[in-house]
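Chain IDs A, B and C follow the sequence of writing; residue 1 opens each chain.
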């Protein structure tokens, strides 16, 4: 996978059907012969996730160990929720939306079911991250998500040509005019709000205050529009823009910057001075999932440090697995440390859950920015 | 008088193949000229060159004495009735007929008047508003001619326009076409592979074969006095034998066929000497049929045989007679005078024909 | 015997009815019902025309809607103007192998997905792309030029994507025009333009109309091409529908947009048929 955050435009919805039937028969036979049937029911796990979160080598290991079969469907936050909403939470057994996208849709559409924490090996998780996610995904006292992969979005810069860009608002500077790109999506609104010295997260609960912030951001983005070459849509599109030199400063995910850094040392991911925006992708159970045991088995399996490191290699992002870092390649760690000095890590702004209704405010802003001339 | 159409040494080659080779002819005003030939003989190529859709490789085409080689098809004083008529299906009859007038820039009033007149002339005054696909085959035919005639061309070309019609209608249209031609008093150049169409309608016919004119003349010339074995074989039906000349005496020949039959014939003035290989043609309708030998003794050729087959086709009925001596089969016209109504297979008959009717050509003259 | 044919008839009819009801009628009714819902609170809805009012009252939506319609009509006309000579050449002038080869060439772009085709245009048109580099190499321009991310790029993409759907019906109607009819036009004194106007175009009208309807629908409903080639100012109605459904979770407004689009396309098809004097049977049959 080129980029774990493949956007809808790249249509990364590829079905990977893995039917290791022979393997399946052999393993079931072995397990029953030995009388060690810890998981006598071999299921098919229908996993709706991001590209890179279920690499083939991990799937194979899981299938060999448990006898379950895994069907992987790649998607993104919006499509995951749209799919679950269309079926009332059916069609998949395990999904991986970002932690801020669980509470709102659950309250509105009821598409998830609570997680039975007793079936999860909590010791494998980084405790602070587990607690934060539990807190953010609680609806009516029930917990709906546990963390898996986390990362940030910030600035991807060609440091030789855009040395002065320190924060999102610097993308509007004249010296990078015409060579700037960002997405026309909510992370951009949030990032600009922080860079303009406001705190949108604090205003999440106050619709009027949030509208006010968004109006200021809208004015800024419209003012900034002539600077923008294009609003990028897919991860590949952005990589191409930066790699070809057509864009020298962009708002993007950390992994994209690190990937480009591997090809061209001048390009890298920089945490903006107002703070990178941190996201955590979770595990959540769809309301009508049919293979909960297999889903829990998958969660516990991929959170093992060695397996989690394999996912980090594939996706480019780190996981919430405790102790997985030491299995990650030195290259990746070096890039991570270069982009995130300790103070930058402390400055990460983690997305709180999105209250229902905010999308409408943001949507209006995004529409007007797009239409502005 | 200047001929309406004159072709001089007209030649057309497509790559290596010569479709039309050194054809020259002229068509006098007001006449009906046909080019008759089998498909692929080059007659359509000649027609398309006259119409202007093809440029000749060499030679010249003159209309009313003026060369038209540099004139585009839409400016030539020539119009064409196409094989499948090519009426414009998207227009009604009046618009079809008026098309050329509109293109010539006539005022609307004149167009309406002229279209009305020509519809009157073809006897279909009420059909102007009809759609083309509502017309019968014969009506379409007349509209196609009217569409050209309304432009008063010097020359009307007709490319086998009767081919698509059924037999009865075709017979009627032959007569009608001839009448229309006389009525419009325009020169028609008509091409066909159907000899009866050419024979019935034409003042002059050119028989064409392999890119060349074999013979040009009236229908009677071609039928009675074919000048080449191709014409003898193509125009009308013929019994045909190959053999060797045994005796040649003042235009009267004796030919021994390959199957041993001795036939007396004539060379119509063509030089043929003893010992030469030759073909001899005898038309079935030139052979007299009789039950009594005595009736035929005055004829140059007579022989006895029995009927092997009766091919009944009304006026064009034939009897196949097997000659006793040579066992050769001869096609004979069945007279419809009532005398032979009871003729049956196996009957013994006598047949005979005069030497004048047996036309002899040197072999390989085709 | 009679029962047997009845059974056969029912068996034949069943797939048609299932297709009509399950895939066409029921989803549309459902979407229409969704479009009439108004969200009044968390998980609470009321029946109201609010979504349609939103559409009518928000200038941005109306503007995007009009823009999409006008650009689609324009794309259809350009496709017709470009496609007609191509179809005429293939149907009437090319012969034998050349004809099949040219026809195949029209098909070739469809062997890859729309996404790849669009990426292809991006490679050609972008600032560091093929055309810009070529022009610089030839010395025609100094410095790179950006040809992507504007309305012209959208037009190119739409025309390219729709070409086949215009050319195929045109080839089949033009192919059915007897060459002799065109020759007859010349023979009777017609000039090139008059024959085109009075004979060829009227004959090809069913093909022109059916090609235009298909191309218009494809352009109107296209999502990838306008969003990828259009850049920061591209506004396309399907983009709005997508974002309402997927990004904003506002299925109600999205469904209303969808219905408005359906009404627009139906209207334009009807108007085109009326204006050209064609019927649906003639153009689609």
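Criterion: contacts are C-beta pairs under 8 Å (C-beta built on N, C-alpha and C of every residue); 3 or more make two chains touch, one makes a residue touch a chain.
These numbers come from a predicted model, not from an experiment.
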From chain A, the most remote chain by mean C-alpha position: B
Central subunit by CA centre of mass proxy: C
Chain B and chain C: spacing of chain centres that average the CA atoms, whole Å: 56
Distance from chain C to chain A - Cα centre to Cα centre, in angstrom: 35
Geometric centre distance via CA averages, chain B-chain A, whole Å: 88
Complex contacts: residues of chain C adjacent to chain A: 42-43, 60, 63-64, 115, 126-128, 146, 148-149, 224, 227-228, 231-233, 235, 240, 242-251
Residue ranges of chain C in contact with chain B within the complex: 178, 180-181, 183-191, 194, 198-199, 202-203, 205
Residue numbers on chain A that touch chain C, as the complex places them: 8-11, 78-79, 81-82, 85, 105, 107-110, 184-185, 225, 228-231, 233, 237, 244-246, 356, 359-360, 363, 366-368, 370-371, 373
Interface residues, chain B side, partner chain C - complex: 51-53, 72-75, 78-80, 82-84, 86-91, 99-100, 103-104, 147-148, 151
